[in-house]
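Take a look at the structures below.
Below are two complexes that have chain A in common, paired first with chain B and then with chain C.
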Partner chain A sequence: MLYGYAGHTLRIDLSDGNIEKHPLKQEWVDEFIGGRGFTAKILYDEIPPGTDPLGPDNRFVIAMGPLSGLFLPAAGKTHFAAKSPATGGYGDSNMGGHFGVTMKYAGYDVTILTGRAKEPSYIFIDNDTVEIRPAGHLWGKGSTAVEEILKKDLGQEFQILTIGEAGERMVNFACISHDFGRQAGRTGIGAVLGSKNIKAIAVRGTQDIPVFDPKGLLKKGKATYAACREKPGFKGWTPEGTAGITNWCNDVGALPTRNFATSHCDYADKINGKAILDELKITDKGCFSCPIPCGKYGLAKTKLGSKYVEGPEYETLALVGSNCELADIHAVAHVNWVCDELGLDTCSGGAVVSFALECYEKGLISQEQMGMDVKWGDLDSIVYILEKIAKREGIGDVLANGVKKAAEKIGNDSSKFAIHVKGLEWTGYESRNAPGMMLGYMTADVGAHHNRCWVLGSDVANAVGGDKDANVHDLISQGTDFKVLPKADHKNVVPLVLRSQHLRPAFDILGTCRLQYMEIGLETQYYEELYYHATGKKLDFDKDLLHLSEKIWHLNRMFNKREIPDFGRKYDYPPPRFYEEPIPSGPNKGHKVEFAVIEEMLDAYYAARGWNENGIPTKETLERFNLAVE
Partner chain B sequence: MITLTLKLSESLLSIFRDMGCPKQETCRIRVETGTSVRQVLIDQDISPLLVPMVFLDNRKISLGTPLETDAVLTLHGPLAGG
Partner chain C sequence: MTLTFNHETCSGCRACELVCSLQNMKIINPSKAMLRVMPRFPEPGIFEVAVCNQCGECADVCPTGAIHLVKGTWRIDMEKCDGCLACVSACPENVMMVNEDGMPYKCINCRQCVEVCPRDALSFN
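This part shows the complex of A and B:
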């Protein structure tokens, strides 16, 4: 008996309609445990080298972990992965909600889609009944509309995953949506689902998940909730959710503004967590079994109409708000809704729009090409560009490929302000004076994504007090009224980056949200004990789980080496704006990262990882992690 | 004088661990009545720049808020957005 798992892999070949249910591979469980571990292994093993990310040979993988679906704090994460159309390398994204949990109740830990359906379709899963059904009536409709239709047709207990128009047209940053506002947004996995002609997946699951020690798990689960409630971070996290750090990012000069031209704005109070509470919020909204519901469901009212929307989260406030100079919380929330309906990642969506606005401002995109006189901070302009992208109309067809490829097409040095790594747009933390964060973005397997590594707090501490030579008390006595932050030291960031890069996959592997650990401080022993009661196996968080995290980093690096021609060090460089242009205003005015520092950090990082000077894992490193890959 | 129970969230504690100067999750301190939150932080060697959110019992307050009575002061460090 495989405890903690539903026990099956669902394989669907969309080209010939073949549907097979297999026992979950013991090899995957033993070596990769679950979630992000499974997806790393499956993508490397099963995607033929050189596969077109939008071709039928790509795999769309859904994977849950051994703790997913159990009544433990925030055990509702679902992991999605495919070869990324944005980067050409390993791509994944995860989301909360209830979809993955229900897949597990239906009997499936892993689902692998291959091929391409002959017509627009959706996948119907009701425990053992799995069908590929026509979806012509859903094609062209928005994500929320599709979710409403399918729930009405099939039953409210069905959990729905959908793509919007952007996914149908294979926009490189198309997302997948669920639960009227939860997204797996990054790396263009919505485009992969669209390339397979799949509009939605509907699932109902009513089966048990066998666990090793039900009574012990129940007792420990209750104790874990109780421990969460006692932690200092428990009550403070829920009210504003992730939006609570907007002002802080602005105060420390990390809020991307005007396509990352600068890192500070004078209207953060208008687009922060308090603005959401005062202007938008109707209720909190949480994922499966979460004790700290960080989602905010509200009503955005603009001249374009009133829309119910979940969010905006901090990343949306940063990328759609300040980065596009949109200084009104209702307008930001409306754009959030537009992105959700069209099926666009708000991170990349905001970054691509801001890139387009700067190109237009500099005359690199003409008014004729744009089709409208677009302006920074203008709701109409931003919505117009996003709709052009989702429909791949005119300049939208160029922008739909993301800033890297769009800059290659537009030319004229636009690549200098195309803010991405490996083809994935940078998220909400301007990092010219945050060397750890910069290195984390640079070296992330999927491109510039904050969920791979987040050490901004330590970078700021480093700048204001980590250096013993800094006059700490003079600095902190100025509170947030300082003029310019000192330069953060880059010398010792590698261990922090590695620690963060290894911690984060641990929760993606288990199938839980990381916030209970990161914010509340739930001790790792809880995860070890919950894992034992669920699976019957001992797990040492540091020795076993973090070791597996590191193994996944090596494996995904090798996937990128195999799939991206000439992959290596140059793919880890940040955009030229960050090393050529000092920040012109705000708390980090005058700072940039020197290119020599970038090289120095990469040298130290590669050496610590056991990679060669081109950033490729050495033979010895691969052997040490029992990875037979080339 | 008033007594404050100071509670630090994990996101703040982790920064101090990274800096090599770990702090306790909970401690009690005595301060002059009317001391601002900012001054409390400075006296505890906690940069106000590292504390985006402060709660006085269950109420969110600003760094400039004067502290008048015994209370629980919960300090939140920064954390990545979703």
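This part shows the complex of A and C:
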């Protein structure tokens, strides 16, 4: 008996309609545990080299971990992965909500879609019954409408994921939406689903997940909920959720503003967590089994109407708010709603709009090309650009490929302010005064995503020493006088970056949210004990799990090497803006990262990883991690 | 003393469903829990939880008298129950459940959901 797992892999070939249910491979469980471990293994093994990310041979993988769906805090993460249309390399994105756990209750730890359906379709899963059904009636509809229609037709207990128009048209930053406000936004995962002609997946699962020691899990699960309650962040962090960090980021000069031209704005109070509570919030909306719900569901009221929307969370406040100079919480929430409905990632969506606004301001996109006189901080302009992108109309068709490819087309040095790494737009932490954070963004397998590394606290606030981890609640509530703190030293960041790059995937492997650990400081030993009661196997968080994280890091690097023809060091550089333009305002005014520092950090990072000077894992490193890949 | 629910603080996490199935049936399966989280989205954007408030309507319709009151809690005497499931259709909260053998089961006020709820949305009053 495979305890902790549902025990099956579901394989669907959309081209010929073949549906197969297989036992979950023991080899995957033994070597890669779950979640993001599974996706790394499956993408490397099963995607034929050189596959078109939007072609039928790409795999769309859904994976949960051994702790997903069990009685413990925040066991509701779902991982999606595919070769990314944004980067051409390894791509994944995860979301909370209730979808993945329901897949597990339906019997599936892993689902792999291949091929392309002949017509717009949705996948119906009701425990053992799996069907590919026509979705002509859903095509072209927004995420809310699709979810409402399918729940009405099938039953409220069905969990739905869907793409919007942007996914249908294979926009490179199309997302997946679920549960009226949860998204898997990054790496163009929604475009891959669209390329397969799949509009939605609906699932009902009512089966048991076998666990090794139900009594032990009950006791430890209760103890873990109780431990969360005792953390200061339980009451201190939860009310505002991720949005609570907005002012802190602004104070330390890390809030992306005006397409990352600067790192500070004078209106953070208008777009922060308090503004959400005061102006928008109806209810806290948590993911499955989460004791610290970061989701704030509310009502946005603007001249464009009243819209129910979950969010905005911090990334949206930063990328749609200050980065587009949108200084009104209702307007930011409205744009959040627009992105959700169209099926656009709010991170990349905000970053692409801010790039377009800067191109327009500099005359690189004419008014005729734009089709409207667009302005910074103008709700109409931002919504207009997003709709053009989702429909791939006019300039929207260029922008729909993301800032890297758009800059190649627009030219005129626009690549200098196309803020991305590897083709994935940068998220909400401006890093010219945060070398560790910058190195984390530079070296992430998926491109510029904070999901892989977050060391801003040690970078800019000297909040932690050595390899000690600070939880975000303690960090933002400590009231440090940032002005007297020394600037971060790039010479010391590599160990911190490596630890963060291994810690964060660890939770993705287990199938839980990392925020209990990251935001309020729940200790890792809880996960070791929960894992034992669930699976019957011992797991040392540092020795076993972080080692696996490291192994995945090498494997995904090799996937990128295989799939991106000239992959290497040059793909790890940040955009020129960060090493050519000093920050023009705010607490870090005048600061930039010298290119020599970037090179020095990469040298140190590659050496620590066991990669050669071009950033490719050495043969010895691969052998050390038992990876038979080339 | 009955279980009561406050939608003002519930965030829909379903820890209550998880602990209910694990405590009472030793399984991980929220669909078998004796209470049910019901999200109301996109409008009005609230959560409701259906709980057994010990109203006794199940007992009123039970033809064999199997459902009886024990210290404020309606319990099913499985010796007397003939599985007619009249109680299931009579339950106004839809929380009289049916197991794989076709027999009814219900909340026994074990209070584990109250203990675990991280939002203090469930209480025993």
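Keep in mind that, in the parts below, the second predicted complex is superposed on the first by the 604 of 630 C-alpha atoms of A that agree within 3 Å, B and C clash if a C-alpha of one lies under 4 Å from a C-alpha of the other, contacts with A are read in each partner's own complex, and residues count from 1 in each chain.
As a working rule, a residue touches a chain if its C-beta (ideal position, glycine included) is under 8 Å from a C-beta of that chain, and two chains touch if they have at least 3 such contacts.
Everything quoted here is computed from the prediction, not taken from an experiment.
Visitor: With both complexes superposed on chain A, which partner does A:E341 reach: first (chain B), second (chain C), both or neither?
Guide: Neither partner.
Visitor: Have a look at where A:L496 lands relative to chain B and chain C in the superposition and call it first, second, both or neither.
Guide: first
Visitor: Tell me which partner A:K222 touches in the superposition: chain B (first), chain C (second), both or neither.
Guide: A:K222 contacts chain C only, not chain B.
Visitor: Looking at the overlay, what does A:L299 touch: chain B (first), chain C (second), both, or neither?
Guide: After superposition on chain A, A:L299 lies in contact with chain C alone.
Visitor: Once the shared chain is lined up, is A:E168 touching chain B (first), chain C (second), both, or neither of them?
Guide: Neither: A:E168 stays clear of chain B and chain C.
Visitor: Scan A:E563 for contacts with chain B and chain C and give back first, second, both or neither.
Guide: neither
Visitor: If we overlay the two complexes on their shared chain A, which of chain B and chain C does A:V455 touch? Say first, second, both or neither.
Guide: Only chain B is touched by A:V455; chain C is not.
Visitor: Going by the contact rule at the top, pick out the chain C residues touching chain A in the complex.
Guide: 9-15, 18-19, 22-23, 26-32, 38-39, 41-47, 112, 115-116, 118-119
Visitor: Once bound in the complex, which stretches of chain A touch chain B?
Guide: Those residues of chain A that touch chain B are 231-233, 235-237, 239-245, 247-249, 251-252, 294, 313-315, 317-318, 428-429, 450-451, 454-458, 460-462, 464-466, 472-473, 475-477, 479-480, 482, 496, 515, 517-521.
Visitor: Applying the document's contact rule, which stretches of chain A touch chain C when the two form their complex?
Guide: Interface residues on chain A, with respect to chain C: 69-71, 73, 98, 105, 144, 148, 156-157, 179-181, 205-211, 214-215, 217-218, 221-222, 225, 228-229, 234, 282-293, 295, 297-299, 308.
Visitor: Which stretch or stretches of chain B touch chain A in the complex?
Guide: Counting only chain B, the residues touching chain A are 7-16, 18-19, 25-26, 38, 41-42, 47-50, 52-53, 55, 58, 60, 63, 74-82.
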